[in-house]
Amino acid sequence: MAFSVALISTGGTIEKTYDELHGVLQNNVSVLDAILASLTLEGAAITRVPLMNKDSLEMTEADHDLIARTADIMAEGHDGVVVCHGTDRLAVTGHRIHERLAARGRLRKAVVLTGAMRPYELRRTDSVQNLTEALCAVQVLAPGVYVAMHNRVLAFPGVRKDYDRMTFVRDGAG
Amino acid sequence: MAFSVALISTGGTIEKTYDELHGVLQNNVSVLDAILASLTLEGAAITRVPLMNKDSLEMTEADHDLIARTADIMAEGHDGVVVCHGTDRLAVTGHRIHERLAARGRLRKAVVLTGAMRPYELRRTDSVQNLTEALCAVQVLAPGVYVAMHNRVLAFPGVRKDYDRMTFVRDGAG
Amino acid sequence: MAFSVALISTGGTIEKTYDELHGVLQNNVSVLDAILASLTLEGAAITRVPLMNKDSLEMTEADHDLIARTADIMAEGHDGVVVCHGTDRLAVTGHRIHERLAARGRLRKAVVLTGAMRPYELRRTDSVQNLTEALCAVQVLAPGVYVAMHNRVLAFPGVRKDYDRMTFVRDGAG
Amino acid sequence: MAFSVALISTGGTIEKTYDELHGVLQNNVSVLDAILASLTLEGAAITRVPLMNKDSLEMTEADHDLIARTADIMAEGHDGVVVCHGTDRLAVTGHRIHERLAARGRLRKAVVLTGAMRPYELRRTDSVQNLTEALCAVQVLAPGVYVAMHNRVLAFPGVRKDYDRMTFVRDGAG
């Protein structure tokens, strides 16, 4: 019996693609399907939920709420939830999801957020590693809200992006 | 404080490299360092323990015992243990480690075995995914002996290689 | 007006793929289409001629003749010919083609042989470089028979494989 | 005797690298050495001439002249010259080099310009193909000034960038 995972995509660096004419990286097309196709997935039965495709710096309060509500709903019908998210506002959404699920007594599944510092389109990218970790961790973690990235799993609340080290750390960590 | 992991390498497909003169894949050089260098590792502090470099079909009883004894010792001094292993005899070693730790009342850490069906040297390889999963899972799993591979974590005892699907499954699974 | 190229494939290392069950590299499926798809080809209009798929060590005299006859025929109807070939017997076929075309006064197009020391399936392969060179050189070379590989173009006759340096050299070269 | 090539680098898309903090591709570090290291180069002995590292849209008249003078000088001391260049102004520099060498009666070597529409840092890049073609073509072309890219070699004068097809074409072509 496969473990059912709802994979909610919201955009961010992980999904940026290259525009040859203007020479910039943009959020136009979802690349998650390409990453999923490159992995061997025997554990999870994945349902793709393409919610939005935004650089997280452009997310509004309504966006954070929409993601939290969607994670909440998806957690009802699946064994776990993974959310792909731009890293700049990932912690805001992580806290929002935790707050919502805790307030409603619905911390009954693992919800794992992940993202990337370097787009999949790049030769050296952390996107494949991070999605691999999220899709593995969601199956073995206790109920709660987490970020899985760069070989580390951190539980919300109390997580922030460290712009010096370009990774996620616990609040108060160096 | 980083989570300390002893990474025991024993050879197998994951470490095979290509011999241009004879056109074959062989276990000569460890490629784990190349894989580790390609990952962003913020969670685990890894100690490399290069124990042997064998195609697991050539492993003797003494080899399985040596790996089990080494995993046992390493589990004492680290927060977790990962063992890279040829897939043909991975389940034999997994059961041996579980038997030894259970008999001695020392199932106090997570010991995660992994390997690959396709060498790292190949363009399409499962080795990076599998090592990524093992190095993530070892930090969040309860004490016990596991195989992490292909987006699935299975606990010993009761695991076997399925030669039709070329992955690991629970005993009795189709 | 695109330059028309007949691309004759005969097998060899360049086309070897990996057999997970037996852990060996074999000539089963043509991978040239995957390489071609990875290139941007604005110059040549390529006609694929999949003639055989053999490790060149297994080629018979009849095979060498068949390739030479096919190159001869294809040179009539195209602006140039590229032959992908196992490197062990590439020079035998190259001399055979040159002999045939010279004897019949038909050295009127460039015929470029190429191959690989490391299969395309490998992460580090010379196959893409070598096919790129052959498909470029065939458009600018004077009529004749050549091998293009490893950033060097050599004219037949007088070419051999150097097993120490694992590349092609002129007869008499060190 | 290796064929000596002066490889003049001027920047452009081919050399752009990714800035994690700002999420943009920039001309900071030369990546040509990484590309060269990935190729097997048995034909050319390459002398690197890192002249500038500019997006060609920012090149001044003085820049085009400097590149032309440098190509002229390097052609004296080498068997051939390759110039890596941003594609937006590549044709301006190509015509400048041709004009200079023709006016001085010094069209005695092949000078081959190349570049890329997609940076080397991208998973799918044309940079390796284009540099491979330039380093092969420079050894077999008659004296003159050319652009080698996308499996096509075009001689100056009379070459322009086609912004619809994102490649180089002859003036008057499609």
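Per-chain residue numbering starts at 1, and chain names A, B, C and D are given in the order in which the chains are listed.
What we mean here is this: a residue touches a chain if its C-beta (ideal position, glycine included) is under 8 Å from a C-beta of that chain, and two chains touch if they have at least 3 such contacts.
Bear in mind that the values here come from a model prediction, so they are computed numbers and not experimental data.
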item: Required minimum of steps from subunit B to subunit C, each step between chains that touch; value: 1
item: Each chain counted as touching subunit A and subunit B at once; value: none
item: Furthest chain, CA centroid comparison against subunit B; value: D
item: Between subunit C and subunit D, centroid-to-centroid distance (C-alpha), Å; value: 27
item: Euclidean distance of C-alpha centroids - subunit A vs subunit D, Å; value: 41
item: Approximate Å spacing (C-alpha centroids) for the pair subunit A, subunit C; value: 46
item: Contacts with 2+ other chains: residues of subunit A; value: 124
item: Chain contact topology (line, ring, star, complete or other); value: ring
item: Pairwise chain contacts, counting only pairs that touch as defined; value: A-B, A-D, B-C, C-D
item: Interface residues, subunit D side, partner subunit C - complex; value: 38-44, 124, 126, 128-129, 132-133, 135-137, 139-141, 148-153, 165, 167
item: Touch list for subunit C against partner subunit B, complex; value: 13, 16, 18, 20-21, 23-25, 55, 117-125, 163, 166
